[in-house]
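For reference, chains read A, B, C, D and E in written order, and residue numbers begin at 1 within each chain.
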Amino acid sequence: MTQLVWNGLFVGSFYALVALGYSMVYGIIKLLNFAHGDLYMLGAFTGFAILGAVGGVSPTMALPLLLAVLLATMAVTGLAGVALERIAYRPLRRAPRLSLLITAVGASFALEYGMRAVAGADPRVYPVRLGGSSLEVLGARLTPQQLVLVGVAVLLMAGLNLLVTRTREGRAMRAIALDPRTSALMGIDVDAVISRTFFIGSALAGAAGVMAGAYYGKIDFLMGFLIGLKAFTAAVIGGIGNIPGTMLGGLLLGLLESFGTFWLGGEWRDVFAFGVLILFLTVRPTGLLGERVTERV
Amino acid sequence: GQGLLGGGGESGREAGENEPIVLGMLIPQSGSEAAIGPYMSNAAQLAIDEINAKGGVLGRKLELKTADDACDAQAAAAAANKLVTEGVDISVGGYCSGATLPTLPIFGKADIPMIIPAANSQELVDQKLKHVFLINGTGSQQAAAAEKWIVKQAAKSVALMHDNTSYSKDIALRTRELLDAPGGAEAVITEAVTPKESDYSPNITNVLAKKPDFVYWTGYFQEGGLIARQLRQAGYKGAIMVGDGSVSPKLIEIAGAEAAEGVYATMTQTPETLEGAAGWIDAYRKKFGAEPGPYSNQAYDAVRLAAEAITKAGGTDGAKVIAALEAIDGFAMFSGPLKFTPEHTLANGGFQILVVKGDTFALQDSLR
Amino acid sequence: MNLLDVADLRLSFGGLVAIDGLSFSVGEAEIVSVIGPNGAGKTSAFNCVTGFYRPASGRITLRGTDLTGLRPSAVAALGVARTFQNLRLFGELSVLDNVRAGAHLWLRQSVLDALLHTPRYRRSERECTEQAHHWLDFVGLRGDRYGAARHLPYGEQRRTEIARALARRPDLLLLDEPAAGLNHGEKAEMLDLIRRIRELGVAIVLIEHDMGLVMEVSERVVVLNFGREIADGRPEDVRRDPAVIEAYLGSDDSA
Amino acid sequence: MTTTKVRRLGTDRPPSLASRLMGNRWAGLAGLLVALLAPFVDATPYALSVMTSAAIAVMLAAGLNIVVGYCGLLDLGYVAFFAVGAYTSGVLATRFEVPLLATVPAVIVVTVVAGVVIGAPTLRLRSDYLAIVTLGFGEIIRITANNLDVTGGPSGIYGIPHLVEHPAAFYYVTVAVVSLAVLGSARLGRSRLGRAWRFVREDEDAAEAMGVHTYRVKLAAYIAGAVWGGLAGVLFAAQLSAISPGSFTFLSSALVLMAVVLGGMGSVSGVVVGAVVISVLPEILRDLADHRFLLFGVLLIVVMLLRPQGLWPARSREVP
Amino acid sequence: MLEIDGLDVHYGGVHALRGLSLTVAEGEIVALLGNNGAGKTTTLAAVSGLVRPSGGRVVFDGREVTREKPHRITARGLVHVPEGRRIFSTLTVHENLQLGGYLLRDRAETRGRIDRVYELLPRLAERRAQQGGTLSGGEQQMLAIGRALVTGPRLLLLDEPSMGLAPLVVASIMELIAGINAEGTSVLLVEQNATAALKIAHRGYVIENGACVLDGPAAELRQDARVVEAYLGGV
C-alpha cells in the first residue's frame, strides 16, 4: 500500500513539475501549449548533450554535476520557451485563442522532428544514471535519488508558488490573464511578463526533462508527447492557473495511475484515471483548487 | 497524370526488359516506431546493392522504394497506395501489424505479392490471402518457444507483461494459454503496460506482489529496457525474458549492463547468433556506419527472398511469384532454411533462446 | 391580478445579505422604476426574477405562475425579457443576428425544415429578419446593422440590446440602467422609446440612476436600500420622501 | 434633439465581390466540382486514397465545426465518435454480417446515445474543463476498444466489406456523402438552432435571457457532431476495411481540431479547406521523408502567422 | 501638459477620429463632450496607447508618446480609466487596488495610497476581500476610479466616471475629481453628464464625428446655445 502511494507520488511529482509550466502558460494566455512537453524533451536532450560534452564522470561527482547541468539546461529551455513565444505565439495574441493551438501543434512537430533530424530517431541513454540501492521506508521501497528528485521538485514548486501568489509579478500575471489591455493601463509591461512566464514554465519543463533523463536513462524525440498530455490533465484538474492546485493535480494523477493499475490492472489504468477525473469534475466543476468564478450578469 | 480518362487505375507496370524491378517497403519513419525504419531500409538496400553488384535479377536491376507508414493504419493505406501507384512489383515491408493489415487488400488488388519481414500478428494470415507471406515467426511459434524455455528453467510462477499492442498481447496470451495447461509452471499475472512511458513501477509493484520467479516481457526494447531495470531496482531476483521486439543492443544500454545481464530473449536467428554472419555485420557497419538493429536481418532476407522468387518465376507476374514462393524449400536465410506452411508462415518457426552477455545477445539454447 | 408579484424575496452571498425581504408588484403595461444606492440590490432583484440568481426564499409569480427557481430560458419563455447593466451583446455576431436572438422563442422552424430548406424554413427566416429590422427601426438604430455588434458605439449597443429584448415580444421588460452613458439628448430619445414600448402594451421595470428620466417616465417608483424596500409610490411622493433623500437623492437632486 | 448627422455605416453599401464569391453557394459548388473532377486528373490508387481520406477528414471537420466552431465547445476527443461509428459498423458488418449500408441506422442510434452519455453530465463545465473531459472520454473509448474482445482488441477489426468495389466509385460515394454532410452542417448553421449555437458561443447568459435553453442547445450540437463523426467512421471503415484503436488516438482528435481552426472556426468553407490542407499537406511533403513533419510543423506556424483568423474565416458581416 | 495634434484613427474602414486636436494644461480639468460614437473613447484610447493612430501626434509633458506602448505611457504618469470599468473580475477589491500600484516599488507608499482610497470610497473598504467581478455596477465604477488613484497620476483620463452611479455618489465622485485636481493632477474627463462635468471643468471641447467642433472655458460652454440644447437640456 505505501509502495503504491510512493510510486504515485514519485511519478506525480514529475507530472506536477511539467504541469506547472503548462498551467502558468495556460493561465496567462489561455494557450494549450502543445509544445510544452517537447520543451521537456528538449531539456532531456540538452542535459544529455552537456553531459556528453563534459565527458566521463566519476559516480561520486554525479549529483553535484547533475545539479549544474540542471541549471544550465533550465536556462537553455527557458530561453527556448521565450523564443517560441516570441516567434509563434505573440503575433497571434489578438487572434481567436484557438488559433494559437495551430502554431503550438506546429511548434510541437517542429521541435520533435527537428530533434529527430539532429539526434536521430533512436532512443539515447544518459551517461550518468541515478539508480542504485534502495531502502525501505514504512514498507515502501525507495532510493535516496528518488528522494532528492522529489525534494528538488518540491523546492521548485514551492518557490514558484511564492512568486505567483505573493509578489507583484504574480499579481501581474493573474491580471494579464484576466485582461491584458487593462493590465497595460496599470503600467504592466505585458509582453515582458508573458516572456518571463514562458521562461519560468519552460525552465521547469527542462528541469523535469533532465531529471527524467538522469533517473530513467532513456530519452527519445517523442518522449514529451505523453507527459505533455498528462501535464495538461493535471493542470486542469488542479484548477487551471492555480499553482498549488496544479501540484496537487499532478500528484493526484500519479496516485490515480498507481492505484488504477493496482485495482484494475495496467490495461484499464487510464480508463480508471480519466473516469475518476471526469466524475470529480462533474461534482466539482472548477477543479481541485480552481477559483469559483461567479460571473455576474 | 493518370486520370480516369487516361490509363485507368493500372499503373505502368508492363515493365520493359531493362526496366528495374521495384521492391516496395512500408516502414515506420515517423511516429512512435520511427527508430525502426532505418534499420530495415538500410538492410534492404544492402541486399539490393549486393544483388545488383552480381548483375541483378534476370538481367534487371533491383530498386527499393520506401514509404512511411508511421505505424498508423490510415497513413499506411495511403503509403501502400503510393507504392502501388509507383509501380512496385513486390512488397518487402511491414513492421507494425496494425498498419500492415489495411494494406493487405491494397497490394492484393494490385496483384503484388507481399513478403512481410517483421509484422507477425496471426491476423495477417488469418484471412488466408494468397499473396501474403510472413518470414518472421508468428506469435504462436514464439509462445511455444517461450513456454519450452520456461519449463526447461523449472520456473514455477510466471508473470507475463505486454504493452497492449496486438503483437505483444498476442504472444503474452498465447504463452499464458500454453502455461495454463496442467503441470509445470503457472502464469500468475498478465500485466499490460502503457507504451512510451518512463515509469513502470506501478506495473512492477503489481507483478512482484504475485512473487513470480520468471518475468516474460513481450513488447519492444524501449520499454523492455526500462522494465528490466526497474524490476531489478525493485529487488526482483528471478529470471527475465523478453520477446523478439526487444532484442536490440539498445535494450542493454537502457537497462544498464548490470540489470540486463542474464536477460533471456525469444528470437529467431540473428546475425549475432549465426556463425557465418560476422561478415554481414561488418558489411552493414561499413556501409551505414551503425550497428544493424532489430529486424534488419529479416528485411535483408525479405529482399533476397523476393529476388529468389522472381528468378524462379521468371518475371514479376504476381501469380507466378506467389507460386514460386510457395514452392521454395530450403532457401538459406538467417532464420534457417526456408519453407512456407500452407498458411504462408515459416514451417520452421526457428525461435531460439538468447541471453544477454556483456553488451550483446548471445545464443543460449537453440531449442532444437 | 398583477402581472408580476415579488413576495418576501431574500438573497445572500456568503455573509452578505443582498436582498432582504423585498416585495413589490407590477401591473399590466405599467412602468415601475426601481431606484436605490449602488449595491442596494436592484440588479440582484432582476437576476432573481429572470432566473440568474436563485433566491434563498420568497416567491416570484408572473400572472400567478410561479417563476421562482426556474432557469432563465424558462422565465424568458413565459414572456419576460431583460437587458443587462453591463452590456451583454453577442459581440462577434452581426447586429441583426443579435436581434434575431429575440425571435428564438416564437420562431417555428424544425431542424428538418432547415436541412431541407422547406418553404416553412424560408418563410420563418424571412419573418425573423423582417422582425429584426422592425425592432431596430423601432429603437431607432442608426449604425451598421450588418457588421459585428461590438463595433457599434456604446449608445447604439444599448439600443440594440433593447431591440433584442423587444424582439422577444415580452409582456414584461426589465431594463437595467438603459440610459447610463447617454447624454442629455440621447436620454430624451430613450424616454420617448420607453413610452413607445409601453404603448405596445408591455409592462416595464426600470432600474435607473437618472432621476430626470425616472421622474418623467414612471408611474410608480420603488426605492431599495440594503436590499429592503424603503419607499414605494408615485414619483412625486417618493422624491419628497426624507428617507429616500437621505439614502439616495441627496438634497440637490439635479444630476 | 441633436444636430449630428446620422451615419449609416455600410447599410447601403453593396456587398463586395469577395463576399459574394465566398458567401454564397458558388464556392460550395466550385469546391464540389473540383472534388468531382479531381479523379480525371489523377486516378492512381494513391491519389484516390489520399483524396478519399481528405474527403473523410472534411466530414470530420464539418462535424467538429458544429461543436467547436458554431457552439464554442472545445472538444479534444472528437475521434471518440469517429471510433464509435467505425466500430459499430465494423462489428455489425463482420460479426453479424450486416451489409455495411444497413449498419448506418445503428451507427446513428449508437452515436446519438454516445453523444448524450458523454455530453449530458459534462456540458455544464466551463470550456477548459470540458476540454479535459472530452480528451478523457476520447482516451476511454480508445482504450476500451483496445481491451474488449468484440472490438478485436488491439488488432481491431479487419475484413470489413467494401461499400463499393472500385476505389474511384468509392471515392464518388464518399464525396456524395461528405457533400451532403457539409451542406447539412452549413444549413444547420443558418437555422434557428444554428443561431442559438452561436449565441451560446458568444454569451451563454445573454442567450439564456433570450430563451435559449443553453444546455439543450449544447447537447444538440454535441449530438450533431457525434452523428457526423460516426458517419465519417462508417466511411473510414469501408475505406480501409480494417480499423484498430491506433487510428483513434488523441493526435487524430488534435488534427481534426486543427483542420477546423486552420480553416477558420465556424466557417464551413473554411473547415473544408482546413481539412483538405491538414490531410493532404503531409502527403505532399511525403517525398521529404525524414523532414516532412518538421516542415509540416513550420508550415503550420507560418500559415497561421499570415492568416491568424484561419485560411477562410467566417464572415464577420452579413450580406444585406 | 497634453497636446493632441491632428489625430487620425481608423478602425478598419471606419474613420473614427478625423484630425482631432486638443490640449490639456497643467492643473486643468478639461471636459470632453460629444454624442455616442463621436470618438471620445477613441481619443482617450489613442492617447494612452491602446489604439494606434494612423496620423497625428500626441505630446505629453513635451515628449512625443504617439506610438509608445501603453505601459510606458502609464509609467510617465498618464493614467487612463477606461470605459466599462474593466475590473479584474476574479481578483479581490484589494488586489485590484494593489495592481493600481504596480509601478510603485515602495510597498509602504502603495499601502498608504490604498488606505487613502479606502477613506475616500468607504464602500470599497467594506468589500476589500470580495471578488471585483461580483461588485454591483456602481461599486465597480468606484473601484475603477480608486484603482487609478493609487497609480498616482499626473494626468488622469476618465471615461464616463459617473456612469451607473447613484446621484449622491455622482456628486461625491465629482467632488473627488475636483479634489485630486486641486492636489495637482490634471484631468481629461469624458462625461455624458455634461451638467456635472462642466461644473468642475475649467475648459471643455465638443466633438462630433471625430473632430472638435467647439471649445472654450466651461463657463462659456454652459451658456452656449448648441451645448445647452444637445447636452444640458433646456434650462
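Assume a contact is a pair of C-beta atoms (placed from the backbone, for glycine too) under 8 Å apart; a residue touches a chain by one contact, two chains touch by 3 or more.
It should be emphasised that the depicted structure is a prediction, and the values quoted were computed from it without experimental measurement.
Shared contact partners of chain B and chain D comprise A. Most remote chain with respect to chain D, judged by CA-atom centres, is E. The centroid of the Cα atoms in chain D and the matching centroid in chain E are 47 Å apart. The distance from the centre of chain B to the centre of chain E, with each centre set as the mean of the Cα atoms, comes to 74 Å. Chain A and chain B have centres, each the mean of its CA atoms, that are 36 Å apart.
Contact with two or more other chains is made by residues 113, 116, 267, 270, 293, 295-297 of chain A. Residue positions of chain B with contacts to 2 or more other chains are 29-30, 164. In chain C, the residues touching two or more other chains are 52, 84, 86, 88, 143, 185-186, 188.
On chain A, the positions that touch chain B within their shared complex are 3-4, 7-8, 10-11, 14, 113, 116, 121-123, 125, 129, 131, 134, 141, 143, 212, 216-218, 220-223, 225-226, 257-258, 261-262, 265-267, 269-270. Residue ranges on chain E touching chain A, taken from their complex, read 48-50, 69-72, 74-75, 79-80, 82, 86, 88-91, 95, 98-100, 102-103, 131, 133-135, 147, 151.
Residue ranges of chain E in contact with chain C, taken from their complex: 11, 14, 33-38, 41, 83-85, 123, 130, 134-139, 141-142, 160, 163-171, 192-196, 229-233. The touching residues of chain D, when paired with chain A in their complex, are 68, 74, 121-122, 124-126, 128-129, 131-133, 135-137, 139-140, 143-144, 146-147, 205, 209, 250, 254, 257-258, 261-262, 265, 290-294, 296-301, 303-305, 308-310. Per the touch definition, chain C reaches chain D in the complex via residues 50-52, 71-74, 76-77, 81-82, 84, 88-94, 96-97, 100-105, 107, 109, 111, 113-115, 117, 121, 124-125, 128, 142-148, 164-165, 168, 185-186, 188-189.
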